[in-house]
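Each chain gets a letter, A, B, C and D, in the order it is written, and its residues are counted from 1.
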Amino acid sequence: MSMDKPVLELVDIHKRFGSAVALAGASLTLRAGEAHALMGANGAGKSTLMNILGGILQRSEGQIRLGGTAIEIASPRDARRHGISFVHQELNMLPSMTVAENVLIDELPTQGGFVSRKRMRERVAAILERLGCRFSPDDTVETLGMGDRQMVEVARALASDPRILIFDEPTSSLSEREKRRLFEVIGRLKAAGTAVVYITHFLDEIFETCERVTVMRNGQTVTSGPLADYRPHDIVTHMLGDVKLEERLRPPRAPEGEPVLEVDRISRQGALDGVSFRLHPGEIVGLWGLLGSGRTEILRALVGLDGLDEGAIRLRKDGRLQPVAPGDLHAEVGFVTEDRRGEGLLLPLPVASNISFANFDKVLGPLGLIDRKRERRFGEAFAERLKIKLHAISQPVRTLSGGNQQKVVFARWLGTAPRLFFLDEPTRGLDVGAKGEILKLTAALAEGGASVLLASSELEEMMSLCDRYLIVQRGRIVGELPGTADKETLMQALSGPGTGA
Amino acid sequence: MRDNQSTSFGQLARRHGFLIVLVAIFAVFTLATDHFATFGNFIAMLHAMAPVVVMSCGMALVVLAGKLDISIGSVAFLSSTFAVLLMNNHGVPPVVAFAVTLAAGAALGALNGFIVVGLGINPLIATLGTMIALRGVALQLTNAVLIPLPESVRSLGNLSIGPIFVDILVAAVVVIAADQLHRRTVFGRQLNAIGNGEEVAAKIGIPVGRRVFVAFVLSGLFASIGGIMSLIQVGSISAYLGRGMEFTAVAVVVVGGISLFGGRGTILPGVVLGALTFEMIANGLNQMSANPYAYRLVTGAIIFVAMYVDAMKSGRIRSRRKKLAVRDEPGRSTGTIAETTSRP
Amino acid sequence: MRVLNKALFAAGCMIAATLPAHAKDFTVGLSWNAMDNQLPVKWQEYLQSEGAKQGAAADVNFKWVINVADADPTRQAANIEDLINQGVDLIIARAEDAAAIGASIRAAKEAGIPFMTFDRESSTTKPTVHVGGDSFDQGKTTAEAFVALLKDRGVTGKCIELQGSLTDVNAMNRSKAWHEVTDNSGVVTTLVSVPTEWNPDLFRSGTVNALRANPDANCMFLASDFALSAVQSALEGADRWAPRGDAKHVWIATQDVFPEAVTAMQGGFIDVGTTYDAYAHAQEAIRVAIELAKGEDANCPDGVCLAKGRLATQENIGTLENLWSRPAN
Amino acid sequence: MLALTAEDRGALLRKAVVVLVPLVVALALLAVMQWQAPNFFRPNNLINILVQTSSLGVMAIGMCIVMIGGGIDLSIPANMAFSAVIGALAMRWGVPVGIAVMLLTGAGIGLFNGVAVAIFGMTPFVVTLATMTVVGGATVWITNSQSISDFPEIFFDIMLARPGGIPVSVIILLVVAVIASMVMSSTVFGRWLYAVGLNPKAARVARVPLERVLLLTYVISGLLAGLAAAMLTARLGSASANLGNDGVVLDIVSACVVGGISIYGGSGRPIGAVLGALFIILIGNSLNQLGVSYFMNLVVKGVAIVAFICLDRITAGRAR
């Protein structure tokens, strides 16, 4: 154990938003010269904790101690004053401006009222030197690759000489080489005595760079200690918690019949790398991977929401597989996005309009106009079938609870009776009851003969439904498991080959 | 999103596109008329475009922040009106009167800034409202009548040092000052950063509201300077002062390579080249005795070209193409499928 | 509804005609296309003062409803419709658009309201009466005097013409008269004609550019001198603003003789001009209005009553009487 | 769970305020008119107001549809003048040809805007600004700034008729308003358009053909500009370049803004645009009759625009 006194301690932090509890006793202890991995499934409370540390949110209870003394962090500026700096996951770049300006934009050095390019260049060149970057402070950011931009983000965080530096999923858009460089940088920072918090979903990375790990689940710290004491598998187990193996909603089935969809080596630079698979009628296929592994990207690329660089998609039409463009495939797919409020629903519009949105052909009146009565009946029929709780079919969908909103999304696609369903985190943010209903609904889809591609972070959910699993890592499908695979095997798959532990 | 290897036409057009157009226009008029490419005419063009350049500088600052100010014509008109009325009806000395104009311009800009930043109203609508209202006030004050300036002030319009008119120098000073402000001060760089992405800028810690507010104040101030210059040149104030200037300035800015999406382009030489483009067309067509209304056609066409280049630069057209281009080639072989790939 | 109105109006007219004469209210709707220079202001002033003066003598009590259309023909049409609906007794309108005003004239006719076009004639529909300046005669007077002057001085004039708005009948008439007189004079040729849309800025830039393209130009014809200051600036910039007798002098023929032009003419900068007699126009308009009010013939041949302008030269400018634009001193 | 959240109460309040305030303002205005200028309430004047509203209203509906999709079309008045002139020239081949040419010209220019905005992704503001410049210049060039009059009588007979005392142009406005309302509320296109304006991402996920929908909005606004051209040409008896005066575009935008159509897209209804147009005309007409100068009218209009948007924003509850 290190004898050093901790640089920073977050002790028993609680955070409530109204009646919702985001943090219920989270603790974190950072030491100088160490990288500390912060792990947790989606919604575990990592970002809330970091936002409290960064001064963006204020805690409800608990203590923050810096070098042993209790402090308040009232604003991002405050955080910086205390020597806390962030490298955000999404790069906050000013693309048309130079690297130097990007790094120092909020504290440009001046001389006689004018920005001193010379001093700016010198300061930034020194930081870039420390980072081992080969681009110049005068380069325009938009001419840099993603990795270099990440370095600019790091440089900006370093500009204020922080004692504590937080990396939030820094490698999600980096190539292998760029990743190596980042790790070297982290190594150098540690050597210089900086305390590093490293948030990631990639297990292999933490074993490479970190000395210590804290795992959070449901707003609490569940375990913390030297990384040497953990195996990858342990961490996954802590992250996902005790997976209660409920009864399967339906027994796994082997693929049967002719494939309805064939995906052939689709790629997009930086996101997907030669993804291929087949989908058979009536089966539920789980895309199993951690957040950021590329499962969402696969689904979105297939329906044409994001572009593709190469690859082919074939759909069964008239008895044989025929090539389709992603945009055209969209017409055959019921797509439930992970961002229900941002992409799934038209929040201010009535429930009825949201349900009828993809089903206008079924609610048209004699003049080719939408028949309000039929639209209402159509909506009500689904509301009843899916047990959507509402007081009027005409109420704005915004006013429904999350679970009922999600049912509206399902209702919309059910109406079109598609052969394919792509479900991306269909139960995100739902309570237990609503989750169960959505899962049953998913099973019913497959029973009805549709093929389902399901992406979810929750293992129990996957295990209660999937007929087989495609293991997704770094935009590739690295393996496949049958529906009978047990929890151990599935967890192992996440920390398996390619994660490099 | 932007891939960095996309040189070729896009960047070429961005770097030199408009210079080529400018040279072409220059060549055409030089060949087609006798007196186009003369020193005297060049000075005349600079003289004529001086007010436009000044007003466009203010517009450019606002546009660089990713906003828009279509009230500049009205601000110019109203703030100049104050000066004229003070001089003509109250015998106020010109220096004081014009100081009032500048103060009024800045104040009206501050009004715009307040509506946009303080009340959080879309700049287009906000300045549309003030554009209409301020023009109304000015017309009410002048009774919409053409009012000549006192002789002593009017004669300033042709004041020159050697062959160079003073207002060319004023415009030069303003444009250089605005350019330095944009390129070399903290304010200017942060404004540019806001234009790159308001949310990003806010996250990094730039005081977005304050900077945008000041940009509107400067826009109003520059509008009033341009108003004074235009006023003195014409020798009288009339309802035509500043009319349509908002659109001219937007056109100048766009043609000068300053992106309406904000954060891209520079005041020098952008604004000057933009203004020169339009002035050359006006002057050249005039000397060719072309139909004066052809000017608007050519102007519009030039704006379109500039905009196309702008859209291309911002990667909109390209990315769209890319998306559309992803079609399957039917002949492709099937290859191996993941069902059979290795297991862990 | 319309029939009823017509009937009521006709009945009203009959009653009015048979009643013994006493000072009766006569509401005039005055529609200005725009108030963009001193001329309409003066017109309005004179119309109101003459209305009071002549009206008192003829037992007609003039009342005025005035609106301005800000140079927009659509708005002017709407404004006149408003006047019709207020049931005015006479509409006097200065048209923005010579063709578009026809619709308003027709509408007034349908409502049984007499319509006087003022200053600018309609090119499409005949109003009850037109009163205005004789702009063709105005151009002609100026052009003839100008040609005579140059002949007398032995100068061959190469002129720049600054036209007005091409939608303004007066502007077109002046240009037509200028060309009719000068084109065959052998003394004066027009090198270039620049349309200004009555925009002072175009007066300036038009002059600058035309001089640039035609350095040998030595004379100008201005369709109006209301924006003289702009022309003066341009000439000063080219170092051509000089009184007669100076080698740099540009010979200038102008129209309207606004206050600045009076001063310039007195200073020797402008050579000839023809007044646009605001006072005479107003006087004539009121005379005709009173005849209409009384239901009598206004004595306008073809329904047109025109007041001619007077020639102004450097010689007589000091002595012209009743010149509205002479600066008070 | 089903109770109204604060946000919804805000939305309700907002709806109420947005409807109530213009109503109160209009009523107050009418009260003043009753007191100060009783002529205002003569049936003829009221019809006159409706006639004036008709062409502005038709153009405002076009703008409203573009704005619901999140765009703006500054070229409507210039397009209208151009269509009027081209159509007027085509009148020599008969009235139906003339009117058809007006509509087609308008729609054609709309198509051009639509392609530039929807396909090439250019900013609507500048695209339509450039179109405005080009088309405006072309109009002046073609006509040499002169008016084209000289139409067959039958044109006026049709367009200026007053069946049942109601002018044809008012009937046209009503028909367009009803159709537009139906299209926006009850057709697939309408639903798509609201979705595109509200949330393009969600619309894309819900399989809305974004580009085509946006393109169509500009074609519609162009078509309606052509229709307004026919109405105005008949009313003025002439077509000329200055039909497309700068002030008109401001009136159109003002009508939409006052009529509760959001500049950010996704909300508002055509009937709002019509009422907004009525409001703008009403202000002009009543201030005119009260003897208030046209210039103060401008001031009132400008302040009204900012005030309405401000009201909308304050009551909107959430920032956009």
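The criterion applied here is as follows: a residue touches a chain if its C-beta (ideal position, glycine included) is under 8 Å from a C-beta of that chain, and two chains touch if they have at least 3 such contacts.
Note that the structure is a prediction, hence the values are computed from the model and not measured.
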(request) Just grab the chain with the largest centre-to-centre distance to chain D, centres being mean Cα coordinates. (result) A
(request) Name the chain pair with more contacting C-beta pairs, choosing from A-D and B-C. (result) B-C
(request) With chain centres taken as the means of their Cα atoms, state the distance from chain A to chain B in Å. (result) 42
(message) Rounded to a whole Å, what is the gap between the Cα centroids of chain C and chain D?
(response) 36
(message) Two-or-more-chain contact residues of chain C, please, as numbers and ranges.
(response) 68, 70, 195
(request) Please list all residues of chain B that touch 2 or more other chains. (result) 139, 144
(request) Would you please name all pairs of chains that touch? (result) A-B, A-D, B-C, B-D, C-D
(request) Over in the complex, which chain C residues touch chain B? Could you list them? (result) 34-38, 41, 68, 70, 192, 194-195, 199-201, 203-206, 208-210, 212-213, 215, 226-230, 232-233, 236-237, 259-260
(message) Can you tell me which positions in chain A touch chain D when the two form their complex?
(response) 303, 305, 330-331, 335, 337, 342-349, 353, 357-358, 360, 368-370, 372, 389-391, 396, 398-401, 412
(request) Would you mind writing out the residues of chain A in touch with chain B in their complex? (result) 76-77, 88, 92-97, 101, 105-106, 108, 110, 113-115, 117, 142-145, 156, 255, 262, 264-265, 269, 275-278, 304, 307-309, 312-314, 323-326, 470-471, 477-481, 492-493, 496-497
(message) Under the definition above, what is the set of chain B residues touching chain A in their complex?
(response) 2-4, 180, 184-186, 189-190, 192-193, 196-197, 200-201, 203-206, 263-264, 319, 322-323, 326-330, 332, 334-339, 341-344
(message) Looking at the complex, which residues from chain C come into contact with chain D?
(response) 1-2, 5, 65-75, 77-79, 81-82, 84-87, 96-100, 102-103, 106, 111, 123-125, 165-167, 195, 197
